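Letters A, B, C and D mark the chains in the order given here, with residues in each chain numbered from 1 onward.
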Amino acid sequence: MPFVNPQNGPIMVEGAEKGDVIAVHIKSIRPRGPNPRGTCCMIPQFGALSGTSLTALLSDSLPEIVRKIDVDEDGVYWSKRVTLPYKPHIGTLSCSPEIDSINTLTPDAHGGNMDLPDMGPGSITYLPVQTAGGRLFIGDAHACQGDGEVCGTAVEFASTTTIEVDLIKGWQIDWPRLENEAVIMAIGSARPLEDATRIAYRELVLWMEAEYGYDRWDAYMMLSQCGQVRLGNFVDPKYTVGAAITKKYLAPEGV
Amino acid sequence: MPFVNPQNGPIMVEGAEKGDVIAVHIKSIRPRGPNPRGTCCMIPQFGALSGTSLTALLSDSLPEIVRKIDVDEDGVYWSKRVTLPYKPHIGTLSCSPEIDSINTLTPDAHGGNMDLPDMGPGSITYLPVQTAGGRLFIGDAHACQGDGEVCGTAVEFASTTTIEVDLIKGWQIDWPRLENEAVIMAIGSARPLEDATRIAYRELVLWMEAEYGYDRWDAYMMLSQCGQVRLGNFVDPKYTVGAAITKKYLAPEGV
Amino acid sequence: MPFVNPQNGPIMVEGAEKGDVIAVHIKSIRPRGPNPRGTCCMIPQFGALSGTSLTALLSDSLPEIVRKIDVDEDGVYWSKRVTLPYKPHIGTLSCSPEIDSINTLTPDAHGGNMDLPDMGPGSITYLPVQTAGGRLFIGDAHACQGDGEVCGTAVEFASTTTIEVDLIKGWQIDWPRLENEAVIMAIGSARPLEDATRIAYRELVLWMEAEYGYDRWDAYMMLSQCGQVRLGNFVDPKYTVGAAITKKYLAPEGV
Amino acid sequence: MPFVNPQNGPIMVEGAEKGDVIAVHIKSIRPRGPNPRGTCCMIPQFGALSGTSLTALLSDSLPEIVRKIDVDEDGVYWSKRVTLPYKPHIGTLSCSPEIDSINTLTPDAHGGNMDLPDMGPGSITYLPVQTAGGRLFIGDAHACQGDGEVCGTAVEFASTTTIEVDLIKGWQIDWPRLENEAVIMAIGSARPLEDATRIAYRELVLWMEAEYGYDRWDAYMMLSQCGQVRLGNFVDPKYTVGAAITKKYLAPEGV
């Protein structure tokens, strides 16, 4: 700290300008090196079940613990007792904000440290472009992560990640969005956590209205019946939530 | 309001006393009546994307809308365009609190209006007993509901629900818990939403420590890799979150 | 716990019915007994700078400390080093809610454990009547208290309190209000703390509009220049905030 | 937006380096120009009683209103009915953060848009130095402001402000602090509002322990009896709270 998380970039995208969207297709995430291992740790004044620099208390910190975990494409070897599935994804992905320069621990409207397990191979993340060239950053690979990243860290590992970047001209979005084979997902980052959830659901309602022929109130009421919420992180300086809907409900009317 | 949600009870459980747990097995939930329909509505000053009586603003309310939806065991017929799966569950389930008398709109440590889609057929909900006989209440059946019940209501319907009630003597739990074939889940209800999530994850860590042979910090760090979060409601006077872990990770050490 | 705070009542007010207001004039609060002392304590899992039952963490509790403090009408003898001024007030004051029965640790729209230092001699508290007779409760006297009652307790003491109760027919208010020589104050209780503040400010805007001839937006913008905020408690199950305006700004137009 | 608030700087302070503190003494704030006027406005998606870009709702915005107010050193001439006292102060004051570049709408540990009415003539603000030279910024003068700046803006005006800057070597503080004739005040900025309050009170406890000979728990319990809370803003991307104690309680033991 404060130099987490490691990032690659800026990647300049030719022709990108404010009001466009950069689409990041994640093609593959593979463990790197001969004996790939991930790291998970408990860090003083960090994590969801501890006093932190933001939820400032007078109680003692939890113990500091650093743990190494063997990883390959078949599993995350957490302990003798438990092998977790290998579900790699990108923790931190962003275009540059317009005027701020935000540390890579913090997610916000530009993307950043969202820690969404959905951001794995097969996903497309849509990021609003705020500056010429977009100035794309990517890093913070996770071999797997639970909802909320509750202790503050995932299985953080060195990976070889292959992405493909598209530029979508003239698509005005205020917050990042994600898509995979099954769902479309709007993403919000804020504190308190309900505000992150509000952003995500509002953006999803507006997306359904703008691009899928839904009436605003129909979309709102229907998401009350079938919306899916993913808690990305609730440990970072802003919490991240994705609100999603299954693609089959988006088929054009009359189909 | 203020007399929502409809409840059946109190059901007195013989021998139940403070320090016990009542386990509610939901066997089946079937639509009731000849032409079963559910109701979904937008209510002024209620819902997650609106000013409310608690998040008090000076802006106008969203419009009031009431909608009727045909329901049978094959589907929830939302619109010509969309049929949602029939996923019935119980919205409000509780034992009586020790000294308070809490309206059925509010979830808390006693259970209440948790609005968790997981509380359907095949699930067991564990409720802490606070008073002699437990004084069990049940009601508020939903034909389906999305994560967070964002507009404020699910597809609320009349159902015939069959439950089986067990008494577990001498199991001290502070918050409701749930179990189904796939997971165990601890449940917290609070505002802001991160506090509900904290309660749920803390209770899950303590559950894994007390009954599944996990070291506290191992459980905490492992949930950071494989914990599952369900947002029940973020519209009620307290928000409800379930934190869950897949049962296969709970198999005894050495098995 | 859970039987805090001590209360006197219910006091039935003849003729009071839903839609009225009970006005509680606090005439005097005097220490009781020959050697009056107050008590202040740090309680495990309680207080603003500690993990609590609602902000549930895995860290250890702060130490439990109980402290006795001599009190008379000249001062609160905190330590050899510090004598604090005697500023007595009532911590918990309410009419009964309509259908809930709420513990005396919790403030809400009915009043309850608001812990507002302004509720001292010379103040009038207006409570919405929800049930026939109002069913007034009063208790939890404090010899003094800081903003927010940060460690969880004030100098709690035995007092002789004299009040006068008026009934105001047909005044519909949603939340408690307070008045003294200097200000009028609207009171909100909720979590997170911004929601309590929103309630208090919204009620104050609506009060200025309804009874002091202010345009709504003028009131809102003017409070942005001269509104006064009192943090009552931020340790109870709901936090309490008062929003106030100096009475001289309420003089009728043209005066 | 996003280029609010206007700032002067960076002012380089010779010899300042990480681990030092820059003390900003505000000597005077005078209205500038021949017919000084301030501006107050209601801005769509901004303000405490409105849906915002962070508390994202589907309701309509409040109306946009811009208002000009005559100002001189005798008063703020709000309306024919109301003249408010001239209580000038600085809304935005900071040293540069270590690695982030944060917009001037946002307060944080570096200071920034705190909007504390206490930051007027006679006050000293202590800012942690994070970079060589400190890189001090100042701006956003207010002719007066209420607690919380509820509609989103104060009486924003052009001023001539005279400051004196001191460098305090080797004083490690994590958040800004303030001092005037009457009190010392620790300042926290965060969301939700209770987290800002927690930061402020924790920093005040630690300050009393480190520099005024207080035992930690004594300080914590005593602030529960005499702490003073100022709500700076609850409209900015982070809310700001000051927690203060009267200086007379800080006199050395035995005095």
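Everything that follows uses one rule, which is that a contact is a pair of C-beta atoms (placed from the backbone, for glycine too) under 8 Å apart; a residue touches a chain by one contact, two chains touch by 3 or more.
These numbers were taken from a predicted model, which means no experiment stands behind them.
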Which of A-D and C-D has more C-beta pairs touching across its chains: C-D
Classification of the subunit A:subunit B interface as same or different, half of numbers criterion: same
For subunit A paired with subunit C, centre-to-centre distance based on mean C-alpha positions, whole Å: 43
Whole-Å gap separating subunit C and subunit D, where each centre is the average of the chain's CA atoms: 27
Intercentroid distance (Cα basis), subunit D paired with subunit A, Å: 33
Multi-chain contact residues (two or more partners), subunit C: 49, 55-58, 62, 191-192, 198, 202, 205, 220
Partner subunit B, residues of subunit D touching it in the complex: 49-51, 55-62, 192
Interface residues, subunit C side, partner subunit D - complex: 40, 42, 48-49, 62-63, 65, 67, 76, 78-82, 84, 144-155, 191-194, 197-198, 201-202, 205, 217-218, 220-229, 231, 234, 239, 243, 249, 251, 253-254
Parts of subunit C lying in touch with subunit B, wherever the complex brings them together: 2-3, 53-58, 98-103, 174, 188, 190-192, 195, 198-199, 202-203, 205, 216, 220
